[in-house]
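Every chain is named by a letter (A, B, C, D and E) in the order it is written, and numbering of its residues begins at 1.
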Amino acid sequence: MRNDWVCAEYVRTRSDDIVDALVEHVGITVTSVAGGFVLALVLAVLARSWPRLRALILGTSTVLYTVPSLVMFSLLLSVTGLTATTVIVGLILYTLTILVRGILTGLEGVPPDVREAAVGMGYDGLRLLRKVELPLAMPAVYAALRVATVSTVAMTTIGMIVGHGGLGNLIDRGLDSNFRAEVLTASVLCVVLALVADLLLVGLQRWRTPWRRGVS
Amino acid sequence: MNGPVERHSDDSTEQRMIRLDGVSKTYADGTVAVHELTLDVRRGELVVLVGPSGCGKTTTMKMVNRLVEPTGGRIFVDGRDVTHVDPVGLRRGIGYVIQNVGLFPHRSIEDNVAVVPELVGWPAKRRRERARELLELVGLDPTTHGTRYPHELSGGQRQRVGVARALAADPPVLLMDEPFSAVDPVVRSQLQDEFLRLQDDVRKTILFVTHDIEEAVRLGDRIAVFKQGGVLEQFDNPAAILGAPATDFVADFVGADRGLKRLSVTPVTEADLEHPPVVNLEDELATAGFAMGESNWAVVLDAEGRLAGWVSQEMTTTGTGRVHDHARRMEAWVELDDSLKVAFSEMLQWNAGWIAVLGDGDRYLGVLTPSTLHTALRRSVEADLLDVAPDEVVLETVQDA
Amino acid sequence: MNGPVERHSDDSTEQRMIRLDGVSKTYADGTVAVHELTLDVRRGELVVLVGPSGCGKTTTMKMVNRLVEPTGGRIFVDGRDVTHVDPVGLRRGIGYVIQNVGLFPHRSIEDNVAVVPELVGWPAKRRRERARELLELVGLDPTTHGTRYPHELSGGQRQRVGVARALAADPPVLLMDEPFSAVDPVVRSQLQDEFLRLQDDVRKTILFVTHDIEEAVRLGDRIAVFKQGGVLEQFDNPAAILGAPATDFVADFVGADRGLKRLSVTPVTEADLEHPPVVNLEDELATAGFAMGESNWAVVLDAEGRLAGWVSQEMTTTGTGRVHDHARRMEAWVELDDSLKVAFSEMLQWNAGWIAVLGDGDRYLGVLTPSTLHTALRRSVEADLLDVAPDEVVLETVQDA
Amino acid sequence: GDDEEVFQGDGGGDETAAGGSGELTVGGADFTEMVIMQEMYAALLEDAGYTVDIQSVGNREIYGPALESGEIDVVPEYAATFAQYLNTRANGPDAPTDAPIATNDAQETVEAARPLAEQYGLTILEPAQAADQNGFAVTQEFADQHGLTTISDLAEIGRPLTLAAVEECPDRPFCEPGLENVYGLEIVDPPLALGFSSTRTKQAVQRGDADLGLVATTDGTLGQFDLVLLEDDKNLQLADNIVPVVNTESAGDDAVAEALQPLSETLTTEHLTELNAQVDAERQQAEDVAAAYLEEQGLL
Amino acid sequence: MDALIEAFGWFGDGANWQGRDGVPTRLWEHVWVVAVSLGLACAVALPIGLWLGHVGRGGTLAINISNVGRAVPTFAVLVLLFLTPLGLSVWTTILALVAFALPPILTNTYVGMREVDPDARSAALGMGMNGLQVVRKVELPLAVPLIMTGVRLAAVQVVATATLAAFVSGPGLGRIITSGFGRQDVAQIVAGAILVAALALVVEALMEWLQRAADPVRRARQRSSSAASRRARGSAAIEVDRAIETGS
């Protein structure tokens, strides 16, 4: 039997498999990035408000990032079991290092005069954050989101360890059984997925930051 | 407080819209930004804080809306001690134009202007109307500019939006921190003009910061001159600051040409005028020549006593007929209460040795010459020094060769 | 070229250090920044480009050192067509002070100043010496400031370093793009003074950009006024620009008070002086009183004809003894060639109706009064218009009441 | 100390199946052979009336705790390997070397393991005849050149051999120590750690990076890599017969055992190899292969 | 918690510190692989980033491409490279890691170059620096902080990702972890993870120090504040005020 890198037959006969994997992949990626974003936002705001927490939060997120995925997932299993949640929680923890830094950079980059004008006109606390600081932090936040999303697309594959790796399941199986078409198809889909996600984010950014159109 | 001359100290408390009472601010790093400052701004008055960079002007202003908490003394706005007031509510009730404008780059011009109305919960429609009205007030077309973003405006337009934004919720008090500093001199003077007109309309109580003494003189009802370390050197009206600097520091700060600067704050008064011979349009030339006496020219008025032009001795001797056949039309004049600077500029511009001064209803009052102009200026300086009306002043020194 | 009045067109080509010949620049996006500009700068001359923001001043300047390539016309520096020259070499031979200074934040002040010498390969020791010498020239102490970094200097000090840097390799030509724009008015006028003194020393050929007409008038040998779209409206000396604006645009740009501005560019000349009675320190009071005639005061000179003070008619009639027992000391005077503005300022400041004018070696020449000052100004305007010497001008209109 | 204790906290599991009804999760490792076994177990259990879900995951460290907690109910296992796993769990990482309980007899091994399994709430059912043991493969060319058919033949080559195996090979009696002590081979230290019967291991041998690779005896793709198995003529390898392991509480009733028993009785090593080949070499879906086999054998 | 205590027990066992799979050997391998990969990644990404940043064109595209490249699972890259003639050699690991480290370095270098104060660049050109001199004397020194941030990010990520080398019998701390898995030795697994995390933190700290040391502007500032304190002792109080103002 031939073992080509590209095999139309494979794509045709296993399309159900591929679609399932793809759907799972997208689901896990989106949930992870969204969850990571929310958590990172809270952490970044904390880190900004209490400079003493800053080093702790940034340090912890770095350490989390360095935990090898096998170890991370084994440890999480005790809490979340053999579910996609394990993968998602793991990936959320992995995205933190990028997202927290990105959001923090964005918040710290808000021009001080704009912030001061806002406070001087009576903006306070959450409202200041929501209406002034976050929108202005958007460019940096989107940049971080893009990196985080693309990395998460790649890292989702590692979820295969607990059986929820989306396209990673296909890659793993293909590697195990030396099925090149399966490996390549899934890998290419990963890249395509990342590309699409990236483009979507760029589009979203353009749509959500109308004031930056025309600014180079 | 000792030191600076404080006038009008007999104001009723009610009149004082903003009052700083022995206020000090020492920053955490030990910088003394403001030192025991006592100062008040009356209702509808525009007080300018002026001084070199870093002398504590911005700090003083920020203490009023509690962006900076004073380390000593008390501050009242409209009779209430600001330290006992919720800062957020306080700020919404005080218009604030920040140094460098600080527009929100992510909001359209209209939305920028409507920020405070939005904060205090006006409905969208009313906010919008208010924003458009204000843009018009500051000389921007709401239709073309309203939907743009700040980066699409020029520096001068942005400054205007900053002012509009501060006025949005119609606050009785405005704080303005170098609102016109980021634009070139031409645009700046244009903005100042518009601002003066605006203030005539809206009559806000304004605390205004600048480091440009000319701007201070032009805009301020009173001027507070600070020096390094937040020490108030003098607090008085512009004419007094220019005419009678209380300390060497102030004299230095207002500049060697403060005399010239004073021209722009000293109005033409009737007492300063000279009265050259006057002839009537319908007079015969010969009569006119006789009326002139030794003077070699005369002012020509029409039947209603309005300014018609001038005629020279020469014409009356060489020409024939009536004055109106020979009189030259007057190209320029000034009105009572115009500044001496305007008068002088007009004189120079029209290349004339004198300029006519008109009163109410274009009534001719007299003329101003370089010498009388100079005398008027000196008289006004003396008057301020002695705190009497200018016409009570007798100039001591020799006036004319 | 038609349009602007161009004078002195009989200069030899050799005299023209920078020559722009029908130069245009249209940017890639279609913006016409400069339109068919013809302009020249003579050896040792300082030409100021002035105009509203965005009118193409910076673009014009950058075409000279080829930071921007023209899309039409030709540019010569010292007779060579710059488009045929290696741009890098060209730039090393032209000092350049950039808008906003643009110092290198990672280099010490000394190293910043020595950039061009380093580029052209001077040995380290010589570079260092040159840098220190230049710092001193622009009024910075090389020992305290040389080893600092740009962020450790004030805005004004940085501007000085920018100028020093441009002078480092002693280039015959300097391009200066709003070199003093980033500082407050007080510091700016100080920098301008120093710069004028410096230029007297080094006599470079300078193309200078500003949007401040006062700066232009103060510094320029000639001024080129641009309007939007890079159109040259007028190119002439400051007095002419102020006195006889070629177009409405120029008149508007130089401002309604251009007459007053002109004060600062018109020197005091001997022809403008009045000559009040003069008495000697050693004269008897009675003799002095007699000498005064109808005048109610007189200038007092010492035995060597130097200014000693003044004495009033009143004193001579009420007092006894000699003049020197009663004369008052003179507080201020001006020198021939000081500007009329200085004279007027001094008069106002010392609250005097006249001011003495001294010539070489403190010799007393006469006095200036507000009226003569005004006459002097008008005479100079006329002279410029007719292109004759001021003392040939006969003022037509009536001068005095 | 037992870290996995934590995993039992989340007990859950399904209610005890009464007479073959209820929900069961069949799980286990995610390589081909195990996936086929899971599919077959699932099919049989469904046939017996259960609602079955399949959950394949990376390796035993992942699914082991899940089995104990009842998140997974039924797992296909290898008798000896599982016994050693339990041994390690109970007695520490060095126990398989110091006090092995697995032997090369399947029944014996299962008997020895059952008490340990009980400790963790697990029941080991009856082992099948089919076994997938650790085997050693060389390239066809190498075998021909040296006339190799058994592992013992390797000894005559007379030079140290390179081995592609797993990370723990130097510690395991069936691996490096066994080859050296039982067969008297000289293995170049360290062996390459490329995984058990993984594509990488097989490629390494095929390319000549290693002389000898640790593979599964039922690996269906050896042919693709031009590899041949050498016979374990000294019975070094333990009895890795396929055996169902269930969570006692959630799947310990007889109905489950009865549903799986026929397969254990039918399945042979040859069948297993053939099934593997159908998936790995012929690229059929594990699910289809499993169904076809069961029908062919009349088990459905 | 138990696992942590056991892991410390594992560290306490002298046997784990010796020989071919001892901690020092694996640690050294790990450091070596990371250093070489990072060095190569810099050697590739820096010139490209500097050039694109200097020219100011095409950067966005290059960044996007290298960024989307992150989506290729690194372990797939590893296994694919294993199929090439590189095979078992350490270069398989290194190449996969280089590909992984490129995006952050390239992106930050490009952005760093673009963020250089245009006035400084314009001044440099106007004074007659040629392209190379502008890069060397002005743009690069000013871009250093951002470039170093990119390198630092890449370094930490590479330290973490290098554990995948164990997949192809490669070098490094990943072997300790896989061996832990093979032997079902939780203590060893956790100990391996701790080693990786600790190494990552050390690298992070080191890079932070390097970043400070390499940033000429920052150096300038530090120097100035110490100079300011010296001056302060010389009683020039005003100077100190100003230094504090601009200091940090």
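Basically, a residue touches a chain if its C-beta (ideal position, glycine included) is under 8 Å from a C-beta of that chain, and two chains touch if they have at least 3 such contacts.
Keep in mind that this is a model prediction, so the values were computed, not measured.
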Next item on the list: Moving only to chains each one touches, count the minimum steps from subunit A until you reach subunit D.
Entry: 1
Next item on the list: Would you mind naming the chains that touch subunit B and likewise touch subunit E?
Entry: A, C
Notebook entry, point to check: Counting C-beta pairs in contact, which comes out ahead: C-E or D-E?
Noted result: C-E
Item checked: Remotest chain, subunit C as reference, centres from CA atoms -> D
Notebook entry, point to check: Measuring from the mean C-alpha position of subunit B to the mean C-alpha position of subunit C, what distance in angstrom results?
Noted result: 29
Item checked: Separation of subunit A from subunit E, taking each centre as the mean of its C-alpha atoms, in whole Å -> 21
Item checked: Geometric centre distance via CA averages, subunit C-subunit A, whole Å -> 62
Checklist line | Gap in Å, rounded to a whole number, between the CA centres of subunit D and subunit C | finding: 96
Margin query: Which positions in subunit A are in touch with at least two other chains?
Written below: 70, 74, 175
Notebook entry, point to check: Of all residues in subunit E, which are in touch with two or more distinct other chains?
Noted result: 79, 181
Check: On subunit C, where are the residues touching two or more other chains?
Finding: none
Margin query: Which stretch or stretches of subunit A touch subunit B in the complex?
Written below: 111, 113-114, 116-124, 127, 132, 135-136, 138, 209-211, 214-215
Check: So in the complex, which bits of subunit E are touching subunit C?
Finding: 117, 119-120, 122-130, 133, 137-138, 141-142, 216-217, 219-221, 223-224, 227, 242-243, 246
Checklist line | Complex interface listing, subunit A residues touching subunit E | finding: 59, 62-63, 65-68, 70-71, 74, 97, 146-147, 150-151, 153-155, 157-158, 168, 171, 175, 183, 187, 190-191, 193-195, 198
Notebook entry, point to check: What part of subunit E is in contact with subunit D in the complex they form?
Noted result: 2-3, 5-6, 20-21, 79, 82-83, 87-88, 166-169, 175, 178-179, 181-186, 188
Item checked: Complex contact set, residues of subunit A against subunit D -> 1, 3, 10, 14, 70, 73-74, 77-78, 81-82, 160-163, 169, 172-173, 175-179
